[in-house]
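Look for chain A in each of the two complexes below; its partner is chain B in the first and chain C in the second.
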Partner chain A sequence: MNLLLQFLVDSILLGGLYTLMAIGFSLSFGVTRIINFAHGEFIMLGAYGAFWLFKIWGVDPLIAMPAIIVLGFATGWLVFNSLIKRVLAAPNINQILLTFGIGLVIQHIAVILWSGNSRSTTPEYALQALTLGEVFIPYGRLIGCAVAVALVALLIAWLKITEGGRAVRAVAQDEDAATLMGINVKAIYALSFAISSALGVATGVVVSFIITVTPFMGFPMLVKAVAIVIVGGLGSIFGMALGAFILAFTETAFAYYVPEGSGWSEGVAFVLIMVILIIRPHGLRGQAEA
Partner chain B sequence: MRLDSLLRYAGFILAFAVLAIPFLGLPGLADIVFRTCTLAIIAISWNMMAGAGLISLGHSGFWGIGAYTAALCANHLGIAFLPSLFCGLISGALIGVGLALVTGRLRGIYFAIATLAMSEGFRIIAIMLPDLTGGAQGEYLKSTLFPGTQFVYIVASCGAVCAAAVSWLVSRSRYHYAFRAMRANEQAAQMVGINPMRYRLTIMALSGALASFAGAINVWNGGYLDPNVAFNLHTTLMAQIAPILGGIYTIAGPILGALAAMGLGEGTRLWLGQIEGVSLLIFGVTLVACVLYLPKGIYGGLERYYASRMRPVYGNRADLKDPKP
Partner chain C sequence: MHQKHRHLLSISAFSAFTALLCLPVAHAQESFKIGVPASLSGRYVAYGVQAKNGVEQALAVWRSVRGDTVDGRKIELILSDTQSDNAITVSIVNDLVQSKKVNAMIGPDGSNVAAAAVPPWKKFAERPIWLMPGGSSTRIEKEVGPDPYFFHTYAWAYYYHINNTAVLKASLGSKKKVAFVYTDGAYGRAHIDDARRYVKEAGFDIVASELVREGASDFNSAIIKVRAARPDVLYTLMQTTDAVQFAKQVYTAKIGVPYLVGTAQAQLPEWQDAVGEAQNCWTGVTTWVTGLKLVADPREPKLFPSAADWETAWRARYNNKTPEFLEVGYYVSTILALLAVEQTKSVDREKIKAWLVTQDYKTPYASSSKFMPSEIALHQAFGTMVVFQQVKEGNKFVSKVVYPKELATAELQACKY
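Moving on to the complex of A and B:
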């Protein structure tokens, strides 16, 4: 019984984190229709930012987060305007290769600057845990999940209420109509890409005190985000959260109930991608278009 | 001399050089030629799929399957060098056929994601089945069957020349036009009577077989295999960087690209020493620069140079030029 409770709590905490990760990734994909294979590298940069600020000045990752988010936003905006903008009309293959190349460059700059060693941020709360009855809740994961949910709520509010948010949704729905309504589509692309990068580095800050930080941490997280988008569809934040929780529950279930499951659970994302694309080539919720 | 015929002569000379070098007894040079050959084979294989509009991010999957098939056949069944390569080749072709059947309706980005999921999935399976694959500790090839380094090099050279010949033959057949039509617009290609499934099956079987052959021969050279080596994303990256660098959708492109990428890699190693990450950083910058500034690669650059130098005196022969690369 308490194993089941523990399983539920772990899945939900992981699911919250995955939601943030996937929404950050899908915002730029949904608006610009370019898969950003460098998104994992933004997560990695955020995690390193949090790590170094903590290591050198002892700044708590949560306090450092706003500054890192602003930097992430600026970096994303620069990357979009200097590189991605040039391939907006190019064939898919160029777009994929370009973002792949950008990811490779960022990753290996990190390897050269900070070496391939694993590191982790250890604020006090990351080392403690809450024990409720027989359920064990690490504070780090709890806080991570809470921050993730708060950021997602902020994003939703921004998308629903503000002028800019409405413009982003309009471009995501129908580019041509948005252009006719006087929206500067290129500027919205840049804005979405920058916000997507900001959410990416925010994800990185959150995971910096949950998992180990290495230059190669981004790619597996990117693949998970892709799996979530394919499961949940691109259209809605609700779908994305659903996909995130499906992935979180399946992975945790594997880790808990299958012998040697924590190894196999790494493969859940790949199986989900394959199965969903085979059964429903347009994504589970029908919005993914080939 | 026209660019195409020039490249054809250069190709013949290169093929002879590649076939002759293993016999010269220069281990350093032969090793570089071996690595260039395996790189050229996966580059040709990737370029074949790209030519049909299929973007693969899963070539490390084919490579790793070929490597594991060869190593396991040799170790557990006692199969000798050449037959084990054949087993690797067949396994790659089967995986290609399977992938083509499974991803039948996927296009563009979604096909690319599916191939990525496949190769990463293979990696997890290889880690999690230690009884079969040796797991994360890896598997050493039994040395009793080893035919000698020189023989491995010779076979790799022959393999690279054959791969180039196969891609040339494909470009001379009607398949070439079907692939180009599919790349431009698969639905339109279907309307004019091209069955995309049939062509996908053919090209992915061929491409998978070539990539697996490269993986299989590489394991005979290295003698060791573990899941993270076999299914390394690096293989996928090199398989796409070489054709992009050399000139995508052309026959000469992947070969030029493999030579250039090898030169670039060795050059950075000599110049900057073995600093971790530098060579991949250079490859990343190359990839970005190529996509932005030289989308047709070295071949495209040569073509432009020739077009500017060899403009005919009267009339515009450019219109009559054979569009075939």
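Moving on to the complex of A and C:
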């Protein structure tokens, strides 16, 4: 019974972490239809931002988060307007190569500036847990899950309530119709990309005290984010969160209940994703909705 | 005809005389070339920088003690960047051996690139002497085989477990329960069989053996299963990146296992910095740690001073930076190569090989420089490692040596939760 409870707790917390990894990618992919292969590197930049602020000035990562989000937004805006904008009409392979290249450049700059050493932030809560009987809930992961819920809620609220959000949804649903309605599509693309980057660095801040920070941490997270977004359904924030939790529950179940299952739980989770895509090619939540 | 013969004779005599005059000059101009393939960029850049630091410190000390040459030869250091890439490492080794014709190769650092360097080095019949202070993977040992020109100056992976189990047995006795957690990557899989073997040989029971995915976002399932098995010892086999996250999760879970055993990661300042309080009580194995009570070599006290004096000199040169094990390893290996040329008055690999096999110096690097056969390789030095435990003293952590007995500064302590 205790093992089952711990399994449920761990699955939920991991689902929150996966939601964080995928949320920014989901937004930019859903709106611009560009697979941003540099998204993992934005997460990495956020993690390093949190790490250095913590290391040099002792700033708690959660306190540093708003400033890092603003910087992430500005960086995303700059990257879109200086680089991504130029390949919007280009074939998909050009877009993929460009974003992949941006990711590699960021990664190499990180190695040059900060070396390949493993790092981590260690605020007190990152090493503490809430204990309920034999079940324990690590505060760091709990905070990660809470931030994921908050960001998903904020994003959905922004998409539903604000004019800018509605414009983003309109562009995601039908770019031509949105143009006819007087929406500046390129500006919406830039806004979506900038918000996506801001969400990426916010994710980085949280993971800086949960997993290990290195210049190479981005790509594995990107792979998971792509899988989650495709399973959830293109452009669906709720579907994305659902995909994240399916992945988390499957992986954790194998890790807990199959001998040496941790080693291949990830593989099994991706088999499950393939099965879902065979049954529902558009993902669990279909096409572009918030 | 007679006159022609006399003319030829005088030319020959003049040529021979000139050649004789030039001989010492040619000898003086001949270099001793040391090739150092190092990961100066890319994923393993931290190791590469340590390799470079160690070699440069050795050359600086040599120049201050012996001068700019070795046996009248100019010392030529050829430092090449592997970019942490196996394919580039192959090209570099080809270049060092075939084009640059180095007399000795030191490095590369890290098991992956070191393994990549084996085939290109081995394919040359006239391959140079190879000293390897980085790379513990037994895959390298298997690929090199019993090669007479290969000198391993760091411990093979199984030495970690020989030393770890020795201290566990000495401190706890046998019949204790051990749980393993190992990654599915090259590191975990390379170590697990040897680790199990030596743990069993020491008389311990293995009560859990948990495989985890390299780079996983969560290790909690393995930690929960280990906790349920109630072992006396948690023995982990994973590289630094995973070991950072794992140590933090173990600390957070208050796992309740009295002894936490790691391998190479616990000695690294990057691991210690990254895990903070979670480093408490972990043990690790190394060939170097600050505070080793090792005395100077009586014959070469300036080249191989006591560990304390060596560290003082190092800190003076590198802005008070704490030396890391690779830096010490590259230092000792470079000095050995230079001494070999000086003692044999030659850069001939047969003479250098013969000298290296017989030499035996006290070094600042855990143990003497004497080479012995290992399981497969012919020449292995520094296999006796230091086991240490991270202990909090005041506001900082220190590495207390718990093995070998003659170097110990503390006894192995059970973790408190």
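In this section, the second predicted complex is superposed on the first by the 264 of 290 C-alpha atoms of A that agree within 3 Å, B and C clash if a C-alpha of one lies under 4 Å from a C-alpha of the other, contacts with A are read in each partner's own complex, and residues count from 1 in each chain.
Quick note on the criterion: a contact is a pair of C-beta atoms (placed from the backbone, for glycine too) under 8 Å apart; a residue touches a chain by one contact, two chains touch by 3 or more.
Small disclaimer: the values here were computed from a predicted structure and weren't measured.
In the superposed pair of complexes, A:Glu266 makes contact with chain B and with chain C alike.
By the touch criterion stated above, A:Leu159 is placed in contact with neither chain B nor chain C. When the two structures are aligned on the shared chain, A:Phe100 is found in touch with chain B, with no touch to chain C. Touch criterion met: A:Thr212 reaches chain C, while chain B stays clear of it.
In the superposed pair of complexes, A:Leu53 makes contact with neither chain B nor chain C. Applying the stated contact rule after C-alpha superposition, one finds that A:Val111 touches each of chain B and chain C.
Touch criterion met: A:Leu277 reaches chain B, while chain C stays clear of it. Residues 111-112, 115-116, 260, 263-264, 266 of chain A touch chain B in one complex and chain C in the other.
The part of chain C that touches chain A in the complex is made up of residues 41-46, 49, 84, 184, 210-213, 215-222, 224-225, 228, 240-242, 244-245, 248-249, 251-254, 270-271, 273-278. Against chain B, the residues of chain A that register as touching in their complex are 35, 83, 86-87, 90, 92-94, 96-98, 100-105, 107-109, 111-112, 115-116, 215, 219, 223, 226-227, 230, 260, 263-264, 266-267, 269-271, 273-274, 277-278, 281, 288, 290.
Chain A contributes residues 3, 6-7, 10, 13-14, 17-18, 111-112, 115-120, 122, 126-129, 131, 136, 138, 140-141, 210-214, 216, 220, 252, 255-256, 260-266 to its touches with chain C in the complex. Interface of chain B with chain A (complex): residues 50, 55, 57, 102-103, 105-110, 112-114, 116-118, 120-121, 124-125, 127-128, 233, 237, 240, 244, 248, 275-278, 280-281, 283-288, 291-292, 295.
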